[in-house]
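Here subunit A shows up in two complexes: once beside subunit B, once beside subunit C.
After this line comes the complex of A and B, so read on.
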């Protein structure tokens, strides 16, 4: 009897396999968009080719432009070169928000984020490093808040109350040469780190990424989703909103912990850009065409993830929650540094909505995808 | 009761295979760096209720694993068998009791088998002991010994099968419906996992398999086919799910059901130690346990009976608790409930005191990723961790810390919801076997066992 069942099952499986072939067309619903598909390779391909790589390329353009302006400023510190450097820094920092979420592959291995955006900047440490010169390590964890965009923020926006005062630090001050040298050192450190990551992506990792379709802890989808959720939880919800607003620390407001503390008018732009990047990534929105393609959304739809009580799809629920978070965030005007002090309830409100989204991403989404965060055995009980 | 006798060969084969497999498991565990990862690095351990004294031993934990591995090898070759079996049981059980976040049903099963082996003379045949001490040698043993192990296996399967008779498993094909698509890139058959009907087939087949396989293995006529099914079934689960050694343990364990009479005959002349010289009887019965004779035999029988009664009752203890078992997990462990749930959670703790101190806890400061994952869905662990936080923050200057948790748990594809009442100060709740009143109601029904 058992044998019969086994044989029957095996033959059915075999027949099915033969009759439908092994091409991708055998997927029940291969259409992208709001329809679903459980084809992870299609998802990874779209995410890599239409979002991750173009985002890196786009960031590279603005980042290279910033490096040029930084070199010009270092060669000849002046009001004009400072202004141009600042503009380029602002543009690059904003573009950075669209790539920080790809915490997978080379970026994860080389911990790219640590060299680019750990804030608040440690100004005492930066001044120390300036004095110490080349022997100050830029690789150890304690050095992370002494480099990257936040350190540049301090060095070009935070050294004095006027531009004259800032320029003086690079021209007439006794340690001007050392300061210029440190500025060049951290921009070149950023360049080295980014180039490593980007050249791995363009030099073969892309294929590894799309072909590693398994869901075990070492493969693309699992790492991508883990990194994505971690980014939203720790670096957007906590870093940009929760910590400065005091929502996570007994209401002790910490305006000095906002991103871009010295150029206060862009911190909200950075947060909004980062949030939108997360939403677009979730929906698989192509940077090239603006069209949505295979994504976490279509994958979840393909799995049929929904609220079993109401029948609403999980992706609709997540997108609705993301929209609420974004609306609350967009409602805040001015600069975040002042808003956490004067309009604290609204900022805490953003945190509360983001927290709801975190739960959906971290629990409802990962459980529907059967993605785990553990690396030991597990018999599911 | 009359004593039925049987060949000791299946038991010996089992002893060797089981010992080697245990040894391999220890080597695997060690080489993956899990001893360090799970038992040395963490600063906090989730002990089992009533076993708080069982703690990892720092670097000596390696010694514990070494003892366990060595005992397994000795059991396999049948050298100093009794001592080795006791050592294996104690060291393995100690290891498993150190931290509940690594609890797996097959570890529990392994512990029980080791316990039984202490009382089972699996070394009277084809062992170094029997070779060294010919008086020990026997080629008939009371059938009760292999039968005890078979009974344990049967209980495992039948209870695992009973646990599958529930609406999530049979009517909604959950959680397989969630797990199978995750494997849709498996060569050749992978695409099948995109279809819900396949999850239904797997669910029903799995349930029927668990409920029937012990009987089919026990019955001589169906045995070969049943064993083939064991190999295919567990082979498939090994392929599809990250469940480590479990499938192999079951494949090996099921060998016990064969009587190997043919094998024994052919092997006996060369390999089995010869009976003592001087016209000793051709067939010998295993000597009774120790030297107490009948008394010891009766004692063993009573112990076995109690053991199995407990095994039969324990999985039903959940009837004593209100609420949905899968949600509260009160009475969930030690009950052969395997692969029944896709449960994920998130727990954010807030510690505060009356002086106005308040902090949102970063769990990674106190727990490993595995511990955090396990803690966030299991109420007893949430409570243990809350008490740990209470102690930790009392040391950091909080006065009589209060501990609250913002929890969010999703079970078998349902949308997540709080598992614990967020208004409960967990620092004030005592851990006990009594129902936990601070668990929020499940608000849904899963019918069946």
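After this line comes the complex of A and C, so read on.
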């Protein structure tokens, strides 16, 4: 019996030689001679070392400063401590716009954005949580709009029409102690979440990131591009502009959904900062030197990516479209909340230009890179 | 006696295989008597060949009959379609209708599916049929029908935590569970994966009678087993033949092989052709290799789907409907991991993930956190050896 099996196995081995070879699914072939480079490791290294890590470090400085001011305010709520807390909050919130786009690795796994910037704030939910105290979960999705910068916006800018009224909520109101406790709880939650993400980046993920150079869905380039496109599409185009302007909701204007609703004069600054961060990241602009390095742009150039209709360089038309979007955005003055109502066409115009950029990033760029968008559902059910 | 027959079969196969080693230049007419058809040169198989036409007897008459497999796939589709009527017509569904469709009793099929009422097959008998306690899994599927029917009574309401109803366009129960998805993804595992992978492709069935024709038919039992697989997997002439960059052109198991295991997806149709040719050639080794490939790729797809939907739960910050839909899909796939037997999947493995993930939580879906999702994903990665 054993012998027969051996014979069978031998036959199989012989048969094997007659079977047709499987075709090799090879990666896109680099196009020598084109400007740019298809060296993904160089790109990932530049993005990690000269943009992502320095941006996190820079954010950490302003964020830590905000935490200090928050603690001081919680310890002794006063006009002075409130003013300082607000200033630090504005600075950190602006700096946050330069790191929210890194939706890859630890930030993606731990959904950092959800603990920092889901708006509009759910003010009814925040008040509920204040009363409930520690048993209110800050981990379930329904809690995302009850924490982070938007919740802080409400708690330091939105509790009353005057500073006196706001301060009274932290001093003389019946639930003042609970409100202080909640304020501390959400700043502590932000700190925990950010520290987790930043520690992973500095504690080994950087090497994982630059060394996972494959094109498959689990490796850095695919995850980075997916997170980058998703950020631009959902959190800049839709979140900051499309939803408040009504461009995505059949013209139903929703000014109450602007970012930083209670401190209305910074909404546009936040949007512009976020948009510029996307442009700089695409072009690989180093935070340290201001010089461009290996990036999505150079990678696309290395692949020889062209616009399918005009045949011009894809990166040129992406950058041109980004510039048009930025120009439209910069043309809006005042605050976004009021502009959405009184100058709606201009805001919708920003959305329209951003939508064109989304198509270039989401379709043309990913096609050229042979990367699949994984954050949308393709199964049709 | 059986062992002896097996030895002889193996010996014949070996001898026959030896005959082939001259790279298929031999005359098919000298094939051993036990081989019913002319030998098929594997190299002659086109990856885009229409399966049903690719295999004929020596007179050129088709030997492929997809009726049984196709009818089972249609029954699956009928159950799924009926479930969708809850939302599309705002009408509750009836658990008894679902149970009758599952067992093909009391003529439950109507409209374009009416012909199934007289079909010779049913899903219930071939659901979870490889496991020791098949009835337990069948009852679990039927319990899903009851949950589906109960939730559908609230189809005109808007769902919220603790309240059944519609969440976006999805019908969920009070715990946020979309039962239509649990049923669909559960049957992908309990019916398609288990019946194809663990029953029809089991060693026992791969050694089914291949020397005599089934009474009144132009196929052997082994040929029909293989054809049944094709019919259960796809309604298309070429599996994967309608795939585009953005759509599989397939459904159920067939579509998730595409969405979550693209590399494997491309290998399936060629393996189905080659395996069928191996049956004709009485080439047990090649047959087994195709069977193993198909099983591995299906299991890989189910595991990757479960992981993918856990991740998709995370990619929707504020869209509860999208999140609930993704989660139910993932939950159904995790249930189905129990049938991924090549990777050691069993009921204890699936339940061990689902209990802490969702069953033990009083508010189900609404109580999910990153930590719970991460624990489920980690368990799947470890079991299926998936590194990223």
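The definition used in the following text is that the second predicted complex is superposed on the first by the 334 of 381 C-alpha atoms of A that agree within 3 Å, B and C clash if a C-alpha of one lies under 4 Å from a C-alpha of the other, contacts with A are read in each partner's own complex, and residues count from 1 in each chain.
Everything that follows uses one rule, which is that a contact is a pair of C-beta atoms (placed from the backbone, for glycine too) under 8 Å apart; a residue touches a chain by one contact, two chains touch by 3 or more.
This structure is a prediction, so every number in the text was calculated from the model and none was measured.
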| item | value |
| --- | --- |
| First (subunit B), second (subunit C), both or neither touched by A:137 | second |
| Which superposed partner A:145 touches (first subunit B, second subunit C, both, neither) | second |
| Which superposed partner A:78 touches (first subunit B, second subunit C, both, neither) | neither |
| First, second, both or neither for A:269, with subunit B first and subunit C second | neither |
| Partner with the higher number of touched subunit A residues, subunit C or subunit B | B |
| Partner chain in contact with A:359 - subunit B first, subunit C second, else both or neither | first |
| Touching partner for A:330 - first (subunit B), second (subunit C), both, neither | neither |
| First, second, both or neither for A:188, with subunit B first and subunit C second | neither |
| Subunit B/subunit C common contact set on subunit A | 5, 9, 17, 20, 374-375, 377-381 |
| Complex contacts: residues of subunit A adjacent to subunit C | 1, 4-5, 7-9, 11-12, 14-15, 17-20, 25, 108-111, 113-114, 118, 137, 139-142, 144-145, 212, 218-219, 230, 374-375, 377-381 |
| Of subunit A, residues touching subunit B in the complex | 2-3, 5-6, 9, 13, 16-17, 20, 22, 26-28, 38, 40-41, 213-216, 248-250, 302-305, 307-309, 314, 317, 358-360, 362-364, 366-381 |
| Subunit A partner contacts - residues on subunit C that touch it in the complex | 7, 10-11, 13-14, 17-18, 20-21, 23-24, 42-43, 161, 181, 184, 246-248, 255-256, 259, 263, 283-286, 308, 311-312, 314-315, 317-318, 320, 322-323, 325-326, 329, 366-371, 374, 387-388 |
| Subunit A-touching residues of subunit B, taken from the complex the two chains share | 34, 37-38, 102, 104-106, 175, 178-179, 181-185, 188-189, 191-192, 194-196, 201, 205, 216, 222, 225-226, 228-229, 232, 241-246, 332, 337-346, 352, 356-360, 369-370, 373, 408-410, 413-416 |
